[in-house]
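Chain naming follows the written order as A, B and C, and within any one chain the residues start at number 1.
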Amino acid sequence: MNAPLLTIADLRVRFHNRDHDAVAGVSLSIGQGEIVGLVGESGSGKTVTAMSVAGLLPRKRCDYSGTILLDGVELLHADRRILRGIQGRSIGVVFQDPLSCMDPLMKVGAQVEETLLLHTDLSKAERRQMALEALAAVELPNPERVYNSWPHELSGGMRQRACIAAAVVIRPALLLLDEPTTALDVTVQAQILELLKKLNRESGISMLFISHNLGVVRKLCTRAAVMQNGVIVEEGDTERVFRHPRHAYTRRLIDAIPTRDGRRESA
Amino acid sequence: MSALTRASPFGMNREMMKRNYYLCAGLALTGVLAAVTLVGFFWTPYDSAAMSADKFLPPCAAHIFGTDNFGRDIFSRVMEGAGTSFMIALSTIVIGASGGIVLGAVTGYFGGLADEILIRVGDALTAFPSILLALVVISLLGPGKPVNLVISLGLVFIPGFARVTRAAYAEAREINYVKSVRLMGASHARIMLVHILPNTAPVLLSALTIGFNNAVLAEASMSYLGIGVTPPDASLGYMLSEAQSVFGRAPWYALSTGGVMILFLFGVGLIGEGLRVREGEIL
Amino acid sequence: MKYAFRRLSALLLTMLIVSLCTFAAFSGISGSAAEARLGTQATPERVAALREELGLNRPFAVRYAEWLSGFATGNLGDSLTYRQNVGELLRDKVLVSLLLSGMSFALIVLCSIPLSLLVVRWAGTSLDVAHTLWNQFCMSVPPFFTGLLLSWVFGVALHWFTPGAFPGLSRTGEALHFLLFPAVAIAIPRIAMTVRMLRGTLLRELNRDYVRTAISRGSDRNSVLRRHVLKNALTPAVAFLAQMMAEIVAGVIVVEQVFGIPGLGRMLVVSISNRDYPVVQAIVVILAFWVVASNTAADLINVRIDPRLALRDE
């Protein structure tokens, strides 16, 4: 197997206003083209782990240690300026709530183009062309119209597609997805998952998918890691984790999946 | 104000006081000034109206703020003027706050048409300069009398307080705690007084400090313009208009009068800041 | 467009109500004021003649309609003191006061935006406390006191201008130079208020999710501010600044007296003392219109910045 794209080693994060570690020694790696699911309940540290990778830790307000290597480049302790060159360019992020994560006063097209504006010297027309292609790639009908829309004019599912388009427009190596389907209807959720699979298949982009829902992870991810209280309690092939959970917490999570919905979606 | 907890409205324990420097500094500054002002009601170093041959004396040991063009002791006059300003501002706030709180509580709690009307009227009125409204009312009542000044300012301050109180009561009305108390058979009056009012205290206290400062400023402005307090009464605002005409000979008159007024406003402003910090408001 | 139409008709409606209330309030007492003017000569015949002359015997609605149309034609009745048409009396004064409030407004905008961008950087540091104290202090300085100091320091001591000797609007350059000092006096506490508000708004916007998104794309702080935060902070700022117009007008009324500027504020004060109600009611409506119109203008600007606002009400 090739060297992994992303390697997290012994990551520890503690916020100054808390008396326990938010992340207490997490090690995880993601290979090229792999989709890894990180599962756990809220407060388990999964989002903090992802934010550390994305360079979004409030550095002044927490202590952190460990290493995060992306393609051999250390991110956790990297200089802000170096980090900014990697954010967006090599790592795209999609957040939970697509409404609040979009600038309400900027047209969708301009937001999709922002990464290109920051990281490339492309002309306005070229940026527009790439943004339209990205909007088409996330299967938005009528990309031209979406490009000229305000965020509030789109539906929740369309907004999340636009956010994904904005994250992949520059074809980063890694896509971080922080509960991207939680705020959406079940049917829209399934469509977004299909879309992510397609993006992974066609462009080989690696993904770290954060969710509290094991059922969703099962549909998308090849590998899954289960987090509780800041540590990974179980990690392995998704199907293996599902069929033969070794940790009691994993079993509880599996039991919590609403089976009927789960079956219908996976059908 | 997220949850209705029956905390004491003034419940700032020593722990909080220690950390809330704004509140402490404000209370200290206002306390000292209020104490001096209070003394001024009963005793001043000199008779504030007594003229003497010592005209335009700069600040010295005998007259710490100096004397004016009639040889009157400015410190004594400031003590008395501050008292007048303070009393007028206080009466204004009493009228404005009691009227506004009752109006706001009733309309906010019961809602309905009266509520709608109050919101519209309040929106329109708060858009106007308070001093313009006060000038209109006082010109209707007749200028030059302190009573009319207090009435006009008091009336003008009602909408602001009504608005703040209404918002707090309208919010509290929807809270389950209030609904459950109602189901337990408490009367509307009891709910409004015992259950909601203490919880609106933080908002109201902050509004009171702002209102008080606005009242001091409005009184000073109007007295400065010659429409508020007129001789033989003196307030800080009126004294400043006197001081302006002799500024070249006795700048200490204007500076000490203005300085005391600024410190007063500053102190109350700090208290307001401290109250808002305590409420965790970032503004 | 629909939104603009709604706003403008709301403006008209508000002004109709304001003018009606003002007119009703003052017409109730202007008769007795006129009689008081006659003093000891007030025989029933004279009073009747005066009422006839002032037109007080005609129906209220007719008088109100006539007066209201006077704002367009300039015929607002005669001043009781100056025996002159109110429209003519006020024409220049309106311009002076509007100019002064406009200059104060410009000062507030020009100073508070850079200042608030500066103090936002201090949030959470020890400079924050110093800023809060200074800010509270500036808010506590009444404009007429600042005006008094400025007119003495720059007028009497340094001879940069002559207090009380307003050069008149025809000499525009000198007039602007003169008005700069009162404008500063009015602006200081308002700048403090505006900085405080803008700081709060900027801090709130900086904590929004879209800022995190922009940072995750590799934006630095400046481009986050420039591209996203400033625009989002703009709508509340515009609304606040429009409300500030009411405060500015309050300042204008007082500060005109300090500097001896022949504007509406000074005229208002004099007319109240003289019980010259035709003048008072005209000035009240003009000043109210200026404030309400500023707020409407702010709404119209804001809906261009944020298209969601047009959808929000109704």
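Keep in mind that, in the parts below, a residue touches a chain if its C-beta (ideal position, glycine included) is under 8 Å from a C-beta of that chain, and two chains touch if they have at least 3 such contacts.
Bear in mind that the values here come from a model prediction, so they are computed numbers and not experimental data.
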| item | value |
| --- | --- |
| Busiest interface, counted in C-beta pairs | B-C |
| Greatest separation from chain B - chain, by CA centre | A |
| Chain centre separation (chain A, chain B; CA means) in Å | 54 |
| Euclidean distance of C-alpha centroids - chain B vs chain C, Å | 23 |
| Distance between chain centroids, defined by C-alpha means - chain A, chain C (Å) | 51 |
| Of chain C, residues touching chain B in the complex | 14, 17-18, 22, 25-26, 29, 129, 132-133, 136-137, 139-142, 144-145, 148-149, 152, 156, 196-197, 200, 203-204, 243, 246-247, 249-250, 253-254, 257-258, 268-269, 272-273, 275, 277, 280, 284, 287-288, 291-292, 295 |
| In the complex, chain C residues that touch chain A | 208-210, 212-220, 223, 227-228, 231-232, 305-308, 311 |
| Chain C contact footprint on chain A (complex, rising order) | 54-56, 80, 84-89, 91-93, 95, 97, 100-106, 114-115, 118-119, 150, 152, 163, 166 |
| Contact footprint of chain C on chain B as seen in their complex | 21-22, 124, 127-132, 135-136, 138-140, 143, 213, 217, 220-221, 224-227, 240, 243-244, 247-248, 251, 254, 258, 261-263, 265-266, 269-270, 273, 282-283 |
